[in-house]
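Each structure below appears as structure tokens.
One chain, subunit A, links the two complexes that follow: it is found with subunit B in the first and with subunit C in the second.
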Partner chain A sequence: MTTQWLYLICGGLLLSSVMVLWRRELSAIVRLLVLQGVLLGGLAGVLAVRLDSVELGVVAVGVLALKAFVVPSILRRVLRDSGEARETEPLTNVTASIVAAAFLTLLAYAASRPLVRLSPSAETHAVPVGLAMVLIGFFVLVTRRRALSQIVGFLLLDNGIATTAFLITGGVPGIVELAVSLDVLLVVLVLQVLTARLRTTFGGTDIDELRELRD
Partner chain B sequence: MSVVGVVVQVVLLVVLAPYLVGLMRQVRARMEGRAGAGFGQPWRDLRKQFRKEPITPAGSSWVFAAAPAVLVATTLVIATVAPFVATVSPLDGIADLFAVVALLLLGTVALALAGLDTGTAFGGMGASREITVAALAEPTILLAGFALSARVGTTNLAAIVERGQQAPGDVLSPASLLAAVALAVVVIAEAGRLPVDNPSTHLELTMIHEAMVLEYAGRDLALVEFASALRLTVLLGLWSSLFLPWGVATSASPVALLIGVVAFVAKVAVLGAVLAAGEVFMAKLRLFRVPELLAGSFLFGLLAVSSSFFLA
Partner chain C sequence: MSLTALLVAAPVVAPLAASAAAVKLGWRRSVAVSTVVAALVVLTVGAGTLVWTTDGGAVEAGSWLRIDALSGVMLIVIGAVGAVATCAGIGYLDEELATGHTTANRARWYGVLVPLFLAAMVVAVLANNLGLLWAAIEATTIVTAFLVGHGRSRKSLEATWKYVIICSVGIALAYLGTVLVNYAAKQAGVVEHGTLDWTELVAHADELDPGVMRLAFALLVLGFGTKAGLVPLHSWLPDAHSQAPAPVSALMSGVLLPVAVYALARYRVIAVASVDPGFVRGLLLVVALLSLLLAAGLLLAQRDYKRLLAYSSIEHMALAVVGVAIGTPLAIAAALLHIVGHGLGKAVLFCGAGEILAREGSTRIDAVRGLFTRTPVLAGLFAAGLAALLGLPPFSLFVSEIGLIRAGIDAHLGWVMAVVLALLLVVFVAISTKTAGLLLGAGPPEPQGQGGVATMTALRESTVVPLTAGLVALAVLGLVDWPLGALLHAAGQIVGTP
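Presenting the complex of A and B:
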């Protein structure tokens, strides 16, 4: 029964990362990130039940609080201040991004086959999902131009890494997870400040405007 | 004995199809604050049109005259073989997912050829748009079909439905859910509903299906309208049988058949009402955004196939 839930959550994680490429409104993308945070917390929770580990349960609550509440609320504030409702022109159009995501998923599956073969179990079978999330996160980072979309890409990347770590190691030690989570929070805060500075200097957060360094 | 099930199923679908369209129009009307024409209006329209003489435009060939018959015939074959009410059927060997898809496409192509045959600007435009949508939807159907049949090991529809009944947990698996979303988009596109096509408009900017059938009149028009109602019912029924397989009779006993009929009517009515309610809150997509939507559903299909391999 827990296997079923594990797979269902992994399917949801994959779906939410792909939907980020599909939607144009930034507020919808932030909602998808909330969903992904909830699913990631759920993944840790299911693993805690499977492995009967209290520590992992605590990690699950921490992940849930950070990824489903704290980080999205910071993003929402950035969004409200910036007044940019949508990603106007990503470098590749939506259809091309979607097809690219399909190929990235297949690539993740191909690349992780040796890993799965090392120790076949329900968790390792789901590892391609984590890798696909990492690749899609990279793709968003590379092809989007608004600073906020790039933060989203970074968060997708981080969620992918967290998913892979949970699935491969059966739950990282709580202290490591705590350190990583704090790092992510710090990065998002720094990026928020950076975005605000960008906007006051240039009037927008289009990264392509940053052509040269000035003092 | 199982022949009874097939006969019941065909009669049920033929009688039900126009009522389903009536129900959907009624739901829309009520939600938009209108009184609506009632459930029976499509049947009354059909009866009136069946009595009228068909008029074919000058210069059109037998393609134009044959298309409504081909459309109705292919849809009736699907209504006969697919497991909507009962999985036991003497025609079980033909009830193949890919055969059903091919039959659907055959009807679409027949109508598109008829649209081209009239030589009018609207007919050609509608045909080219319809074929574009069909060509984009086809890979998704095939992929979602692979995802569903990989689990069962056969593309036989009855086997897929029976497997879904025996292992209800499988319906919640990621592969099945992704395939459900992918096929839902395809059903909407193939049935010509919002947001891909608007069945209640006659604006040249938005027409797809309506543009092809503008030249039909009388009995032929009634056949086309009836076929599109039957197609909608078949598509919704197929979707509900694949992803909500409960209630479909697995034996030919009268009680099981009765349950099958009631379950089928309930499922299709609910799906139709949900679709109509969704349409009230939705606008039609620009034609250039439609490939985006269908590419998204293609991706869902692909993810369904890949996750049916890497997530058991």
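Presenting the complex of A and C:
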């Protein structure tokens, strides 16, 4: 029973990453991140039941709080202050992005073969989803031009890594998990401050404006 | 408190205390001095490890922190570069405040963040847990973000954005690699509860799954390579180094990059035991040679002296990674000596470059002519630093480069060493021709700076003394084996493989 929940959640995680490539409204993208945060918390919860681990249950609650509430609320603030509602002209159009996502997912399946082979189980069979999220996050990061979209790319990548970590080992040791979560939060806060400075200095958050430093 | 606990705690606590003092008091002389003292504490503990660890021993504090000879060398690098940079930083920041380039509030942040930066790097080299090592290296990204953006100009903001985004992504990939190592360890059943103790992992490295470790090591090279300024995620480095305040550039170049190389050295010894050693060496060599090629190419085209120094950092980190790739104890010892020498040399040069910028008002090479005729002491220090960086005797980079080449030839990598030497020659020509005019050229320069340039004539003692000390240390290390030889040798045994 928990196996089906596991696969359902992993499917949702992958789908929500691909949807980020499809939607243009930044507020919709933030909502997708909330959904992904909920799913990630759910994943940790399901694994806590499967592995009968109280520690993982606590981590699940923490992940839910951080990724579904705290981080999205910071992003919403960035969005509200910026007054920019849409990702204008990403470097690739929607069709090309979706095709790229398909290729990246295939690549993730190929790359994760040694991981599955080492310990074939329901969890590790879902690992390609985590790696695909990492690759899609990277793709968003290099093809989008708004500052907020770049933060989203980083968060997708980070969610992918968290998914992978939960699936293959039931999470890293508690204190490392804490450090990682704190780190994500701090990076997002730093980026929030920087986005505000970008806006006051450049009058917008189009990353293409950042082109003074060249060789 | 036992001596062991003191030895492990002091280099972390001292900078934290300096940071706390800055929070409370803001930027003032006592705070600045306490940061210098903290760096000296780190240096002292590093020197102390000469006694404790050269016979292969280690000082442990629980399962999380541990000082062995390799940590000792890195503590010496952090302490020495930190002492030079923070001492020169006193004059730098006073000048910034006096000329209105910065505010009291930003100076306070500077005082808070610089010692935190030192503490994070100390934790990274003391960590016996690879998760903690990762967390400490990542913490440096967050701590230095606002230091890079200290200047608040369009350019420094651009540099900061790129720095935070690229390094966060890179270090996230290193985290994924760490997670995979954790997985391999857990599956091999060698480490209970999948902890990431380095000593445990080294002891059981041959039981780890090769397929997983291969993927993990590739991610770690990519991730920590980002922090070390290596190809392909190097592009943050020249921007951040050229925009950060000079003492921060010195710390980033002299310490932050080497700590990432240090992480790779720790991981390499695990990887060679579990993965095909040819894959490990090949991957590291490809990354290092491409970085060297990139640095050489862009040095030839460089028109900005701070960016020139930044690309030279990529060059030198690539050389250190060549040493790690070769991986014999001699190669590791040479790479570490190279890191020590590069750190001291870069600290001198970046702090010197900060002085030049404050006087001449431009970082363009062609805007500064004939520095020797106007400020001979500064020009002399800068020229000596450049000579050290180019690997000229008597400075220690000469010795370490010879050591690296010798170790490479011993390991039957003659053709690789030939490529390295050819690229080094290109770098030599590039840097020496670019800087010759800056130092020696004649003719009165056009006054480029804002008002007040003419009034700055004398160099501060707090600048001259540390820079001179750094150069003297470099020369001593180049001439005699003492005092670092035994420690380098012991460190080479720890992560080196015959």
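What we mean here is this: the second predicted complex is superposed on the first by the 212 of 215 C-alpha atoms of A that agree within 3 Å, B and C clash if a C-alpha of one lies under 4 Å from a C-alpha of the other, contacts with A are read in each partner's own complex, and residues count from 1 in each chain.
As a convention for this text, a contact is a pair of C-beta atoms (placed from the backbone, for glycine too) under 8 Å apart; a residue touches a chain by one contact, two chains touch by 3 or more.
Remember, predicted model here, so these are calculated numbers, not experimental data.
Contact with neither subunit B nor subunit C is seen for A:L91 once the two complexes are overlaid on the shared chain. For subunit A, the partner with contacts to more residues, out of subunit B and subunit C, is C.
Contacts of A:A110 after superposition on the shared chain: neither subunit B nor subunit C is touched. Looking at the shared chain after the overlay, A:T164 reaches subunit C, while subunit B stays out of its contact range. Judged by the touch definition given at the top, the superposed model places A:D183 against subunit C, while subunit B stays out of reach. Looking at the shared chain after the overlay, A:V61 reaches neither subunit B nor subunit C. For the contact definition in use here, the subunit B contact set and the subunit C contact set of subunit A share no residue. Touching subunit A in their complex are the following residues of subunit B: 169, 172-175, 177-178, 291-292, 295-296, 298-300, 302-303, 306-307, 309-312. For subunit A in complex with subunit B, the touching residues are 3-4, 7-8, 10-12, 14-15, 18, 22, 94-95, 98-99, 101-102, 105-106, 109, 116, 122, 125-126, 128-129. Remark: subunit C residues 129, 131-132, 134-135, 138-139, 141-142, 145-146, 149, 152, 154-155, 157-162, 164-165, 168-169, 172-173, 175-176, 178-180, 182-184, 186-187, 193-196, 209, 211-212, 214-215, 238-239, 242-243, 298, 301-302, 307 touch subunit A in the complex. Subunit A makes touch with subunit C in their complex at residues 111, 113-115, 117-119, 134, 138, 141, 147, 150, 154, 157-158, 161, 164-165, 168-169, 172-173, 175-176, 179-180, 183, 186-187, 190-191, 194, 197-198, 201-202, 207, 210-213, 215.
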